[in-house]
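In the two assemblies presented below, chain A is common to both, partnered first by chain B and then by chain C.
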Partner chain A sequence: MKKRKKNRNVAIIGIGQTSLSSHKEDQNQVEMVQEAVINALQDANLTINDIDCIVHGNMELFEMQFAPDLWHSLGSGARGKDEYRLTTGGTVGMTLVCAADNLVASGLYDTVLAVSIQKLQEGNTTGGITNMADPLWFRNLQTGALTGTTATELINEFGEERAKRAAMKYRIMMDKHAMLNPRAHRRFGLEYEQGPDLAATSPQLVGELRLIHMCSQSDGACAMILTSEERAKKGTAKPPVWIRDHIQAHREETIPNLFGYVKPEMTHHYCARKLYERNGITDPVEYFDVFEMYDPSAWWAVDWLREFFLLKGDEHLQMLERGDFDLDGRIPINPSGGVIASNPISATAMLRAAEAALQIRGDAGPHQIKREVKHALASGFGGTFWTALMMLEKDLDWQEVENG
Partner chain B sequence: MAAKKVAICAVAQHKNESDLWHKRFQGMLLDVLEDLQNQAEFDFNEETGVNTIVSCSDDFFDARTISNNGMTDVLGAHYRAEEKMAQEGLNAIGYAMSVILSGHGDLVLVMGHCKESQSESRNMITNMGFDPFYGRAVGLDYLNAAGLQARAYMTKAGVTDEHLARIVVRARQWAARNPYANAREIVEGGKVMASPMLCDPIRQLHAYPVSDGAVGMLLASEERAREFTKKPVWITGFANCMDSYFLGDRDLTSNFALKKAAERAYQKAGINDPKKAIDVVEVSDAYAYQQPLWMEGLGFSETGQGGRFIEEGGPEKYNVNLSGGMLAGNPMIISGLYRAAEAVLQLRGEAGDHQVPDAKRALAHSSYGAAGQFHSVLILEA
Partner chain C sequence: MAEYFGATVADIFNTMPKRFKPEEAKDVDILIGYEATGEGGGMWTAHIKHGTLTVSKVEELKGCKTTVHADAETFVGVTLGKITAIDALTSQKLRVVGDPRLLMTLLPKVFVPFTVIPKKKEINVRDILATTESRFRPDKAEGVAMNVGYDLTGAGGGQWTLQIKDGQCKVREGFADVLTVKLIMDAGVYAGMMLGTIDGTAAFTSGQVRIEGDMMAAAATGRFFHKYADPGAQEAEELICLRVTNAIDQRFASGPVMGKWFAGLREKKFLANKCPECGRTQIPPREICAICRVRVTEFVELGPAGTVTNYDLVYFASPDPLTGAGRDTPYAPIYVVLDGSTESEAFAFELKKEDLSRIKVGARVRPVWAEKPTGSFRDLIYFEME
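Coming up: the complex of A and B.
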């Protein structure tokens, strides 16, 4: 698009989450949706009557509920309202925030509630993900979301010892963050000294991708309330967080190295490059104060940090080794504990945007970054290397950049 | 409605067929895409091409988790944004409009598909639409939920088996003129009334036939519409609405959700009296009884007067479903996209043998969920 100009600004004014766990035996899907929605409404000091439109997301083949928004409407409060249901795989949570942003910015609705839910205990997660692959070509090769190739690539590029150490450093850092987040699902209390031992003894899933590196299967729901600048400026219960821009990109499912190895640009890199370019950001590490990244495994996370921050060579490993990504580091990654700690698939990417917004508001709780957070980045991941990336701001003071 | 407008610049329909066993859905979508590209010159250039694709499909009907994963390359979503509308397809148009009005895109492709023939049975899938505790266990599906609604409505509105036969006979007569329709054979009223009972009072010929199909559309901002067509069709109103979930919590004949959706769409389009303002109506009549019921909800028939509406030739008077409608066969998930595509053809004067002279404003409707829990209404203008 040549000239990109948002029709009007959009603010996040309400955030609600359920706790995240492996088995929410005490709640059905509707009750989880309702809990997230009520938490978001209370956070924004609004009632359901203030909401013009609901956006719903749930990957239905995990729970095997056809058209789940219809049943979930009992908890989302959609009766009598406009409602949309969008799904894009793992990215769905971020797609919903993008969609709510679009719906408000378009002028069609003033206040939109986005809600996402997944209850993975009710289905077979790896079976479900495997089922996304083409039945003729790839399904017999697919192992759910478990992929060992990145570990191999990192080991080849940086040597076994350094690569394995980096993956475990990242993994234990995430656990340390999760220990501070009372809502996180997996909180082990790991120490960095345990790294080498865990890297050697944790059960192997695929190659050097071990159980300890991989994200969880979680139950959880998340809701966010977005409103227009006009509405937000009339007063909000909590400080509004502004959505500066978002971008989504897919890549076709064909595995490029199946017929000759050509490494294409990763969508993480593509989205980051485009987003920074059109917003005039030359040094993302310097600009952003926090990054909530969709990190399905420690190996992917380490690799993707280079892509998202447009780093070269081993810059990302150096940063990781120096502690730049720690909670009190230069650019903290996932103060919430990230996806490795909690992964209710459809809600996961929305949790990234929600947690990034909480950091900007300064009320994330025990995992709040100590210094002021003004600029946040949040990502979603899904499908076959699809990316959704969003920029959040504390102040409505950025300059429109003339390109797109 | 925001000050700016959004145009539909091109529409393409795949012919509905009962069992397209020889074609994968990717192939169907590719045909639709090529049809669109033959009508309008567009590509996927980063600066000037399609920037967002809104797809529409269903994980259950495709039997694939993340069903849109299977065709992002066919849709040109390689390094582009693609979002899947996981409701009935008419909502994809409403959402695509918001993408353009928000300023995030100026050229959006809407692509929907469904192969109902692939599933063992539609009823098995729609049974999964009921909650796992109560509805699913007693065997509810969209057909028998419709049966409950049909009985309640026919009693209230004086609609008889003969009226339903009339609706089906008429649908087939119009479908015979629509090259994209599935069930195009003319039927006699007697044959309709003698067709097997599926779920009392719904007979086999009262129900939409299993169909495979695909629809594509190109939407553009007001500034760019004329780059792609000389005959843009403008979206002037869109709204949808949700009703309560449990059948027992609803008055199945009240049209609660449809009335609200229509009211909101009319308000956006500045319509006071739909009977005077709208020249063509495409309504999603999955079952014959729904045509008069939804026409009540849309304000073309008095409430509870569906029988009289049929008697007095309401469907003919208001140019309802000249495409043959859903009774001539569309997949449930994209029936609204077919309705909208037909409405666009009418407004462009390209509806062939079923063209209404000088149509200026059209309405496309869709329903989603058991017994019409959710409705969407789109208003289009030439």
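Coming up: the complex of A and C.
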């Protein structure tokens, strides 16, 4: 793939979130959007008059509300402004940041507000996800985002004991991170000693995918404000975080094509390989200081770490077992607690970029990494195997690589 | 008794009969056991049978189809919705032995949700009786003439008579000469019944209320009055939750390529199409090969038997998008590379339920077809192991 030609650099200058929970009976969707937007504007010390364009994202299939941006404009401030609505599945939130970046980089707009919202309690998530399957064939088989196939594969590859231990180690590590994040939805206070008991007794959803391994269904909204280098250099309320590059890929194929005798390259691996290649990154584990990964289940997370870091054999398990992915480890994964802790689907992928940016700014809160964070990676995921991967930088000093 | 979120575990069970919706439980026959541990806990059973409910406090849980276990705080929290059930289940603070779907499906259907009843600081029977005349509904008491005596014992108690006659109701202190019925109970029990914290039928059954005289008349009085509303209770914010069920009638055109696939099913054949460039056999067939970006027109028959490459043994009942009903679990979609297929082109379908326990990667399977195929996904019933 040829190098992307970026017209000008783009910075994240405002970040706003709502708390994430399954109990937002006291707020409707408009109020959630407004809360996130106000928080982002305050964070950037801007008013809605400073925003040139709004990009709105929501997975309409879940709440079954067509054109939700019309309703949400009461909270987003879109009236009288250019607005675009995007719906790309689990990746929505990350797609919004990519689109906002492209809109600013193109020169069409100077300052763009991206806002994402999901209120899963008002819809049917598994039912909605099931409807992504081809209506003519396979929809009768689809079980939402639940699958035990990755667990089966990991158990076959690494043995039952080690694979199950790795999934629980990851799950409890995420809970420990979530315990530090006051906004996280599910904070159980799990201890590593509970791993074997939970792995054996937690209710089975699909095969060895158990309730404890799976992400939540949450309500939440997230907003981010992006602006041009020129504007950012005139002064920002908080340190700007620079968007270096991003990539998206998805599979046209039906799901069963992942389960032949020969496995195709996963979109995660493809995106990571291409992104590192065109940015001259040879050792991603060494280069990045944090990775906010879209981790819908502990099994997928363990498997995907190998894909995203282009690792071989059991390197990812060794790193996990050594504690390399802990908050104070070599390359911390999801200081926020990740998707397993909080999953307001459309906002989920944006939260990965938002939390990665907060880590770079150094004001993530109690779950801030103690070391300096200069280079961050954030991923989004959606059906049917759609990957969005983004690189964020603290300093505007990276080397342009000629490889196209 | 220990309170959590403003309620006790006993409150939940005491209000159960009042919250029960018999019309929703006509076809239900189940004994559910509950164990709340720690301070304020205990064991209860709820027997729902053909529209009736029996709640009992028990010493052990025997013969229950499903049992629910939690510490008292989690128990109250989940019941009130202050703690999310799925989170409590995930962290195992709440355990369900048997069918956990009951909590999400049956119980919300047959019970009105439990809410904390705001308690008045002082129970004042006189305050309640002062509202009786204004709560009277003459339209419900047409032609009724009776004197109902209340003998309320204990602190704040006293004796009163409700005189209902000629579409009017009067409350008098003391007993009338002739009483149709007399109710004898503690003043606190009366206040609790009026506030909804104590179930009248349960109080009578347990002997907290004694009835002298016409029992039927006592049971009928409730109808003649609007419910008592505690003026001291905090006015809740008006937060309304609207329930909507969408049913959508849809039709999809297959196009010629999938049309050929469905026509093949009618003859009990798997018709894949083969890319002229890379040679892969696409199943189900697709208009183009997305990798080579060329039209694919050559059809080849695969299988019908094949080899299992992976499978999903599903225990969680997701809704069937074709009907909206919860699926019958467990079931297993399996991934199969059919004989004659290229190696990365797997096919998926459901496995015969009887074969669930034997399924493994590498197993050989064959299709079982409908007797009279019509050209739809229903033509293939399932795969069974050879």
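Criterion: the second predicted complex is superposed on the first by the 394 of 404 C-alpha atoms of A that agree within 3 Å, B and C clash if a C-alpha of one lies under 4 Å from a C-alpha of the other, contacts with A are read in each partner's own complex, and residues count from 1 in each chain.
One rule holds for everything that comes next: contacts are C-beta pairs under 8 Å (C-beta built on N, C-alpha and C of every residue); 3 or more make two chains touch, one makes a residue touch a chain.
Please read all numbers here as calculations on a predicted model, not as lab measurements.
With both complexes overlaid on chain A, does A:Asp82 touch chain B (first), chain C (second), both or neither?
first
So, does A:Asn131 touch the first partner chain B, the second partner chain C, both, or neither?
both
Just chain B (first), just chain C (second), both, or neither: which does A:Gln142 touch?
second
Is A:Gln248 touching the first partner chain B, the second partner chain C, both, or neither of them?
After superposing on A, A:Gln248 lies in contact with chain B but is clear of chain C.
Identify the partner contact of A:Ser73: answer first if only chain B is touched, second if only chain C is, both if each is, neither if none is.
first
Applying the touch criterion given at the start, work out whether A:Tyr270 contacts chain B, chain C, both or neither, answering first, second, both or neither.
first
Using the touch definition from the top, say if A:Met64 reaches chain B (first), chain C (second), both or neither.
So A:Met64 meets both chain B and chain C here.
Could you tell me if A:Ser202 is touching chain B, chain C, both of them or neither one (first, second, both, neither)?
second
Need the overlap of the two footprints on chain A, from chain B and from chain C, as residue ranges.
Dual-contact residues (chain A): 64, 131, 135, 252-254.
Chain A touches which residues of chain B in the complex?
It comes out as residues 1-4, 47-48, 51, 58-60, 63-66, 68-70, 72-73, 77-87, 91, 94-95, 97-107, 125-133, 238-246, 256-257, 260-261, 264, 368-370, 373-374.
Mind listing the chain A positions that touch chain B in their complex?
For chain A paired with chain B, touching residues are 1-2, 4-7, 28, 30, 54, 59-62, 64-67, 69-71, 73-74, 78-89, 95, 98-99, 101-108, 128-129, 131-132, 134-135, 246-254, 265, 267, 270, 382-384, 404.
In the complex formed with chain A, which residues of chain C make contact?
Touching chain A: residues 81, 84, 86-87, 89-92, 96, 100, 237, 239, 241, 246, 250, 252, 254, 258, 261, 284, 290, 309-316, 318-322, 324, 333, 335, 337, 341-350, 361, 377 of chain C.
In their shared complex, at which residues does chain A touch chain C?
22-23, 25-26, 64, 124, 126-127, 130-131, 133, 135-144, 146-149, 152-153, 156, 186, 188, 190, 198, 201-207, 211-212, 214, 216-217, 252-264
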